[in-house]
Each structure stands twice: as structure tokens, then as C-alpha cells.
Amino acid sequence: MQALVLEEKLRLSLCDIALPLAMGPKDVRIRVARVGICGSDIHYYKHGHIGPFVVEKPMVLGHEASGVVAAVGNEVHQLAPGDRVCMEPGIPDMSSRASLEGHYNLDPSVRFWATPPIHGCLTTEVIHPAAFTFKLPKQVSLAEGALVEPFAIGMHAATKAQIKPGATAVVIGAGTIGIMTALSARAGGASQVIISDLSAEKLAIAGGYPGLVPVDIRASSLKERVGELTAGWGADVVFEASGSPKAYDDIFDLVAPGGTLVLVDPVLFNVVAAQAKEARIETIFRYANMYPRAIALLASGKVDLNPLISATFSFGQGIAAFERAAEGRPADVKIQIAVEESAE
Amino acid sequence: MQALVLEEKLRLSLCDIALPLAMGPKDVRIRVARVGICGSDIHYYKHGHIGPFVVEKPMVLGHEASGVVAAVGNEVHQLAPGDRVCMEPGIPDMSSRASLEGHYNLDPSVRFWATPPIHGCLTTEVIHPAAFTFKLPKQVSLAEGALVEPFAIGMHAATKAQIKPGATAVVIGAGTIGIMTALSARAGGASQVIISDLSAEKLAIAGGYPGLVPVDIRASSLKERVGELTAGWGADVVFEASGSPKAYDDIFDLVAPGGTLVLVDPVLFNVVAAQAKEARIETIFRYANMYPRAIALLASGKVDLNPLISATFSFGQGIAAFERAAEGRPADVKIQIAVEESAE
Amino acid sequence: MQALVLEEKLRLSLCDIALPLAMGPKDVRIRVARVGICGSDIHYYKHGHIGPFVVEKPMVLGHEASGVVAAVGNEVHQLAPGDRVCMEPGIPDMSSRASLEGHYNLDPSVRFWATPPIHGCLTTEVIHPAAFTFKLPKQVSLAEGALVEPFAIGMHAATKAQIKPGATAVVIGAGTIGIMTALSARAGGASQVIISDLSAEKLAIAGGYPGLVPVDIRASSLKERVGELTAGWGADVVFEASGSPKAYDDIFDLVAPGGTLVLVDPVLFNVVAAQAKEARIETIFRYANMYPRAIALLASGKVDLNPLISATFSFGQGIAAFERAAEGRPADVKIQIAVEESAE
Amino acid sequence: MQALVLEEKLRLSLCDIALPLAMGPKDVRIRVARVGICGSDIHYYKHGHIGPFVVEKPMVLGHEASGVVAAVGNEVHQLAPGDRVCMEPGIPDMSSRASLEGHYNLDPSVRFWATPPIHGCLTTEVIHPAAFTFKLPKQVSLAEGALVEPFAIGMHAATKAQIKPGATAVVIGAGTIGIMTALSARAGGASQVIISDLSAEKLAIAGGYPGLVPVDIRASSLKERVGELTAGWGADVVFEASGSPKAYDDIFDLVAPGGTLVLVDPVLFNVVAAQAKEARIETIFRYANMYPRAIALLASGKVDLNPLISATFSFGQGIAAFERAAEGRPADVKIQIAVEESAE
């Protein structure tokens, strides 16, 4: 089976690899169609590790995937060969305490695609549990299906925020996750989402969506803009998605009394200022139970992720796709690889 | 001061009336611009009472109002003469226990416009606490401002429902409040809102909005339709806004496991079926703290209430307006009276 | 293997039965020590069915059990032979949507002990998933361990209620579940729990616990008593655990504005009165994730369930135990069977 | 009127002072009985300021008070002369947005006793709004009444934590607020509360309460102890009440997956570790709506605050009381001043 393999730091190869393909009664076999390249894939490619996770032997990359079901295990009833699907990349122990309590994403024994030593999905075929494989409605393309994973992060952040209908939200940072969070917050109940960044290109993409108000912090003060747009009250919810320590300097000045701060990209910060607002702070780790509602939003037309696909490469051009993604062009949001075009 | 007065059941007059106009330091004086006619106004007009509230002496009708500030008390800083505003019609005792706990709508001593013996606002000028008077942004017309009150009911229902982003909602009943609830649920996070009724005219109005899926229950089964649209899982939230006992026969068949039922129009029902879904049931009473977020949704363009104004009458034609509203034409959603056109 | 078998309505036998004992890698084998008799066991014994669940062939009864681990599967690490344990009797499909969302109790495919056609645990040995088998700390006896199941129902009701520290609660009905709910509410944060019933004997047992205030509704008005004890404000939470339609006549008069009604035993009722209080109504179905916290309360000494064990019979006297339980003596709360005394 | 006045830093005098005593229709006049000395009083005494609040002219100290009603305004119905009461010391603008939303404690215009330039209550008589004056049941002494204020801080922290019945809590720091928080958490639903400190004396006081497990961090590792007591899962809720930066080094090692951290005394910290647990972080600012439930806990006997009164001084000995409090003796929890002994 062909796969895009990270041999070691900075060395990718498109080669044949023998992957275990034993299929259990609750599993499905999927022909991979589209895979998006994530910041973590690029980080492994450039640095060979992320925190304690080190690439010690060749590893297939990729965890944002869609595909077409080729076969199903004999206890699988909700899926059938030919179904177009997307896949949630982390597989927990379903009988762990974290799973029983509904946050299976926090199970320490979770196996997550392209997190060493687990292989990713940039290959022609994968075996996956049916419980983490989601059928795409006919309105949702396979390209959009491969965007559900990063969208689920934004959806999880917006869900944890418990946004009240009509609330005002702020998203700090207009990278891929920042935009996904802003779209989730707007679709998830906010009347307006103020999104800030230093990059005019990213703000132009974000500002192209209705309800998203871009603020270029090189040109204007985010604090003043939030004050103007909320009659001095502050935003009900602030999402930190920049990972920039500077973002925290006055972050609680942006929050309304009794408001919420959601840390998508957490850093060191001073919570003394939180107290005067009695702010709630939520932290998130990936997502849980987000795929069905994320797909529903795409199917309903309420969210359109297509403008976020910056370029699509063929599988044969997979290494070039990674080189482009690693460039970090300011107007690039998501680079995808079409693994099997006939699947689409 | 001229006012539209209900002298007694079925007898309205447009006449001069002396209303007390003492203004406290935290009050504002407002020239009334638009007033919408509510089902309760019509009920008082037709029957002379609602439950324990009986019209025993002449009473000014109307509680859905917008206007222009004419003067402000000397402790009022957030409003100024000339501001276009809408008004929340219930005034609680702000130091009651219910108010301190944040649900001032439940204070038993609340004074509510056009609820005997309190006069309503179908008059040229009113005095109102600044805390319950909300400035309209320039994008929001005075006609829309007078729709904020019924919209706030839908918003309160959607807020209580704690809709997760991308959830599926059902609204039973496509009357004014049903449509307001459906719009609030959609803007408040739902990917799709299935709305059911017996009236093709009302469903046509509801179905004109994106994301609202009309179901004519004379022609098709709501339960089957919800099953189809949720892959058999059920809706995350069901709003009952029809007040029809028949609606409850299989209402929990519509609800997903762990889902929520919001009773906008409650009746007698059997909760045994609720248990198997472990459903949460929320009841609502008017609204609290909804105006700022309701106005924000209108200002952002996410919700457009203009299609719901079926006809507008001048103040001089106020009695005709009531006669039209009392007809209950199937395609009528909201009849408004333009009290002072120069104000607009 | 010996078991207490319901052959058909009103016919029990203590006999040998061949039960499947295949043990998976995540299972444990347990020597059963104590089993409590539940109202549902008695109902099957007297009537042969509960709703749609009909005893069509001989079925072992019992689902409230404790025991001692005899062997563990090779993927089980948190338990070892010799551990004293109690068992949660419902086994869901862990990869169902309801399970993934954290309410595995709502999975329609759950297999629950002594619910036809699933055998119960009134037998000498059972195989059970380790994930639903909970180690008892040394302070908690096997007799108390067999009370964790009904206690978990009360705990689930109290958890759903989201009791604020110091709140006042009312429990209507002082049967086993009513008392369990009252103890859970008190330990779970209530300052006082008013508990009502018609039985002086049951109220005497309930009233023996600190913080439980018994009200005999033959002698005094529950509504008046709640008014006195809450300075007219009403109770923050009301639990309905009597299943008596009469209980609903004025149930919302007991609830404070913004309060909560938890339906442990639901019936037909009129929710119009709920609206004026804007009450939230929670329904419950068994429990999920309650065992660890229930056991923690017993271990800490905060809750003592021993006074609720009315009588203990040997396994050989199992039929007599059922006859006693079926009598429904007013002072009986829980009858237990000591299946294997040497285990204790 | 006699009062204990802070003339300037380190200079207290017990002298006559003219305080404005205009009483509105919703106010009551109260003869002060007991006043507790708070850390903030001592801080003003020692340093003359707290953050931006500077004592620029003589100010009466004290904000933890109980007393006896001497007279009531003509719109006050729930209180009468002779009633024993305690008083909530912060008076917000009841029509502010924060108040309307139920968190009046966050209103920026709140007037709080003994926060410059507002006088405190260490005087013989005060005028106070009836809405913030709470009647003490006969079981609750005036000495306990003066402890309701610091207890309300612990109650507010425990309420924000949304403790599930039977949960395990940790409180870092066994000062007055730490102990109050631990008692609130235990009464508010926790099965056990692990409380840590460096002071053997304070831990001895805390450990004297059932359900509080003291950990001396000079002698043992808090992390290991929490691991042992929670079978390695971690605590459901951790309260930080020490204000010590060292406490944050491994604070998320104490928290269970999906758990909550409540910052009573916030400092700078690194939230990266929060993410892996997906922890929720709550911050608190004083309290709102806590007095009724705090008093209910005292009246029910579930919480006994008497052991926390370390010494009581007469009003004439008020300066000596402050000197004692300023010593910070390790076994001192609360020093009280009996302003008018005849009132008790």
C-alpha cells in the first residue's frame, strides 16, 4: 500500500508500506480520498517531534481525512460500501473512566493518527472503527469532509463556550483554527465575531464571511474596537487562538462581567484580572462528539468551508504539498492532498 | 394625551386620557413611534380578561413598542434625547429576591404594560426606567424595534434550551411566537429548525427563511420527518409553541436521548415517556436580559424580522388595526400601529 | 450453579441452572455475596412483567449486588482476586452514540440484570465487565455495597438537580428511593430536606437522619410546611418520588422561582403552573457514572445506609425473603439475601 | 456616634464620628452587635491601601457584621425592630446591567463597607438596605452571624465549582478563607475535602471537622496524597486559596480529567497543563445571593462556625483586637469585636 511517510525530520517519501489491516466486527475499511495537512504534520516534518512525542521510526503522516467505505465489519449497520465518509482520528478505550463520563478525548490511552508511534492516514486505505466514521450527506463534498477535523476543534471551543444566542464573541488569531473557531462561534449563536490578527491576508479571508469583523491589531486597538462594538460592556466570550503571550496582556479587558475565556492555544498568564470580571476560563483538548453537529452545519449550508481550501495537490505531488504547507504563505489556510481522485 | 383605550370587552376608543407622567431621576420620557398588536391585546379586546387579570376600568392597550427619547432623568447617562429606542414592558422591584438572583421576570410584583390594572403604551408618550429602555443601532428601524418584544420571547426560549452549535431543533407551531422561536433557535446555534403547523400560509412564511424546514402535519408525519432529518436519533431540542394538547401525544418521540423540551405554550401531558430519554424540560415566563442580544442579532443582519410585519396602520386607524388583528387571517403574523409617524 | 429463578408469575425456585460463563479479557468473575431485593424484582415475581418486559422463560432475579472477585481477564489491571466489589447492573454498547455522549444509561441496547430476557445476579457467580465493577474501600461492607445500586438512583436524581450548597430540597415519598434521594440531596449540598409521606413508619426512619425533616401529609400540609421552612420562598429543588398523581396537584407551589423539579417517578401532570416559576424539570433514567461518587460518600462516613437494611436472609431462605419483601411491611426499607456468607 | 476609625496607616482611634443616617423607605437602621476583623481591615491598618484603594481621610473599618434591627423604612415588610440580622456589605446599583443579569457583585459602582472612601460598620449603628439585611434564625447566634460574610466567600467558591454529590475536593491553603471554602465544599456535596497548608496549627483546626483531610505539605506530597485518596483519578474540584505561586507548579496534576479549578486567590500560572485535563477554571469576586443559603446551612446545624472564633474583644478594646489580629498568630482564625454586648 502506498503512503506518505516521514522517514525522519525533513525527509518525506511516497513509498509502499505494509500496514496492518485486520478488521474487527465493528470496523470499516475505507479508501482514502482527501487528506488535509495540519500544523502538527508540518511540525513533525520540520522538527521530528512535538513535545514528548518523537518520530523514532518511519511514520505515515496525516489525520484530517475523508474517503469512501470499501467494506464493513459484520456488526456494522449504519454504514455500507460506497458511503462517502469522514473519520475522527483519535480512538479511545471506550471502557475507560474518561470515556464513560463522556469525554473520551481525555482518555490517556487514546490512539491518534500521526502521533508517534501511531501511523496516520496519508495512505490509500485505512481500517477504522465505525463509531468514529461519519457518513457525509450528499451536499457535503469529500474535500469539505476532510475539513471536518479542524472545524471540530473550532466547534468544540464554541460548544464549551456555551454561547448565548446573540452574544458577541472575540477570536484572537486568524490562523486556520482561529477562523474555524470564529465560524463555529457565529454559526453557534453569536451575532458578531470580532477576529484579530497581524496578517492582512488572513483577515481578508476571515472578513469575507458575514458576521466576522476583522481587526488588524497593527492598525487599531482590539480593546477599543471591542468597546465600540459592545457599548463598553465587553464581549460575552473571548477565544484565544493565537498562542501569543502578548495577547494576554489585556485579555480580560475584552471580557464582559461574568463572561468566558476559552483557551484554544494556552500560554502563561496572569489571572488576577480575571477575578474582577468573575470570568470562567475553559480549556479544550481536541474535541468529543463534535462530528455529527459539524457535519450538520455544513449540510445545512450555514457554514461553507470551501473558501478555506487554498490549494489541492495529487497524491503523487504529496511531498510538494508538504513543502508548500511548510512555507506558511500568509494567504494559505488549508492545503489538501487528493489521495484517490477516483473516489470522489 | 391621546391613547387607544379598551373601555370594556369589545369596545375600543381612541381618546384623550390623563396619564401620570412623573419622571424619576433614572427614568426617560419617550415619544411612542410603533406598537405591535399582541395576541394578549386581542384577547383582552375580545374577552375582557386573561385568567385572573380582568379589565375592570378603562385601560390603554399595547406593550410591544419603540419610540424616540424626548427627555432623560438626571441620573441617566447611557441615553439622550433623540435616541431611537425600544422598551421592555415589565418593570420589576429591582431589590426583590427574584431580581437579585437574575430572574427579575419572576418577581411577583412586576408591573407589566397592558396587564390590568397597568396601562399599556398605545399612547403618544410614556415614562419608562432607563434600565428597561434600549437604544436601537442605526441599522435597526423603529418598526423592527417594536418587534423586539415578541422576538425576546423566542430568544428566551432559545437561550433556556442551551442549544449546542449545529444542533437540530423542532418548533411545534408556526404562529408569531413559533416563528420567533425558530428564528432564535437557528440564529442561536441550530443547523436546521424543523417547524410544524396546520396552516400552509404560516409555513410558507416560516419556510421562506434559510435553515427553517416547514412540515405540514396535515400532509406528513412530523415524527417521520424528524427521524429522516436526524438519521433516527431525534432532535436535540423541541420547542412546544402550539398549545395544542395533540402535540404532546408523541412529543418525546421527537427528542434525542439526553435532549431538551422547552415549553413555550404548556399544557397537560404525560411525562412517563420523557424518562426513557432522560429529557430536560424547561418552562419559560416572558424573558429576562434578552433585549441587548436580540437587538444585536437584528443589527448584525443575522435575523431579519421585516417579513413578519403583515400590515401597518396609522394611529387614527388604530381600531381598524385591532379589528384586522382580531380576524386572525392565516397569513398575518404581526399588525403594527404607527403612533407618531414623524418620530420615524 | 445455584440460582433463585422466577419460573413464572408467583413461582420462584432455588435450583441449579447452567449460565454462560465465558470471560472476555476485560471481564471479571465474581462470587456473589449480597443481593438486595428491589421493587422491580417483586413486581416481576407478582405480575410476571413490567410494561413491555415479559418473563417468558425462567429468569434469575436480582440486580443489586456485591461480591468478591474470583478471577480477572488479562486486560484488567484495576481489580484483583480477593477484591470486595459492587456491580453496576446495566451493560451498554460502549460505542453507541448515547455512550459516546456520556449517557450510556440511555443506550437502547443496554443489557440490564433481571430485565427479561437477561438473567439477574441471584446466583453464586457472575461474569461482569471490569468497567462496571467497583472496588469497595475497607470501610464499606458488602451489605452496604449491595445498597449502592438503589443509592445510585438517588445520587443520579440529586446530581441532575444541580443542588447549590445550602439549598432547601423537598422529597415527596419516603419509600426506598425517596429516602435514598433525600440522603443524596442532603449529602449533595442541601441544608435541609423536607420529606413527605403517608406512612409514619417510613417517616420515622427518614426522620432519624440529621437534616431530614419528615412531614406526615395526613396530619399537616406540605405546602404550608415548606412555606414556613423557606420564609415563603419555596424549595430550590423538589423531587417527586411517590408516583402518586395527587402529589402533582400543587407541586409547583412548593418550588421557588427559578427552581427545579426532578421526576423520579413521573406521572401525568399539568405544567401550566410550572411556567410562572420558570421551573426546570429533569427526568431521570437509572444512573450513569454514579458508583464512584456513591461509594466515596459511604467510605467518607457522610452517608450511612446500614439503618435501611430491614432484614437479611440466607440464600437457602431466598424464597422466604421474597415473600417478606412482597408483603410490603411499612417499616421495611430493604430486604437483602446473603448469597455466600463466607465471601463476607 | 462612636466608631473605630483608621486615621491613617497604623493609627487607629476609637472616637465619635458624625455619620450620615438618612434612612430611605427600603432601608433599616441596625444596632451593630458583632464585627469580625478581616484580612483586608488589617491590610488597610498596616499599609493604608489595597491596590488602587487608598485611605486618604479617616475611615471607619469593618465589614463583617451582625446586629439588631432598631427601625425599618415604610416599604420594608420582611424585617421588624428587634430582629437579629447580619448584613451583606456591598451595595450595588440595582438597575445596572450586571445586577439585572444576576451578578450584582460585578457592578463597578458597588459601594462596599470599609473600602475607601466608603465607611465600614465598626460603629454603634448603621443604615442598610433591607434587601441586603438577613434575619438570623434563632439557632444562629450574633457571633455566627458576623461570620456569614467570610463564609459567603467560601460558599460562592463552592457554588461556582458546581460540585457533584460525592465528589472529592482539594483546598490549597488553610487560612480563614481556605477553611471556609473547605467547609462549604463539604457541606455543598463533597464526600471528602483534602486541605493543605504549611501551618500545623491551622491544619489542626481544619482537621477537627469531619470530612476534612489535612495534608501538611512540609511533611508529605499533596499530589501523592490526592492520588492515593482518588485511586489515581484526581480531584473533581481544586480550590486555590493560598495565593502562593508555588501552589501552581503542579496544580493540574491534582485535577481529574474534565475537572474544575476555582481560583479564590489567583496568581500567575501556566495553563498549558490545564488543556490535557480540559479543565474549567472559575474565578470569583466576593459573592452574590449567598447569604440565604449560608444562613440555612448554619441554622440546620450542618456547618458549625463557632470553632473558628479565636477571641472576642469588647468595643472599648477594639484597638487591642486589631493589634492581636495584626500579629497573625498561627492558631488564630477569626478575631471578633462585640460592639454592643447588650444587643446579643
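A few remarks follow.
Labels for the chains are A, B, C and D, by order of writing; each one numbers its residues from 1.
The working rule: a contact is a pair of C-beta atoms (placed from the backbone, for glycine too) under 8 Å apart; a residue touches a chain by one contact, two chains touch by 3 or more.
Everything quoted here is computed from the prediction, not taken from an experiment.
Shared contact partners of chain A and chain B are C, D. More C-beta pairs touch across one of C-D and B-D than the other; that pair is C-D.
Rounded to whole angstrom, the centroid-to-centroid distance between chain B and chain C, based on C-alpha atoms, equals 43 Å.
Remark: chain B and chain D have CA centroids separated by 42 Å (rounded to whole angstrom). In chain B, the residues that touch at least two other chains are 97, 101, 103, 233, 292. If you check the complex, the residues on chain B that touch chain C are 97-98, 101, 103, 105-107, 233, 257-258, 263, 266-272, 274-285. Across the interface of their complex, chain A is touched by residues 78, 135, 155, 158-159, 162-168, 184-185, 187-189, 191-192, 210-211, 231, 233, 292-294, 296-297, 299-302 of chain B. On the side of chain B, the complex with chain D involves touching residues 26, 94-97, 99-104, 129-131, 288-289, 292.
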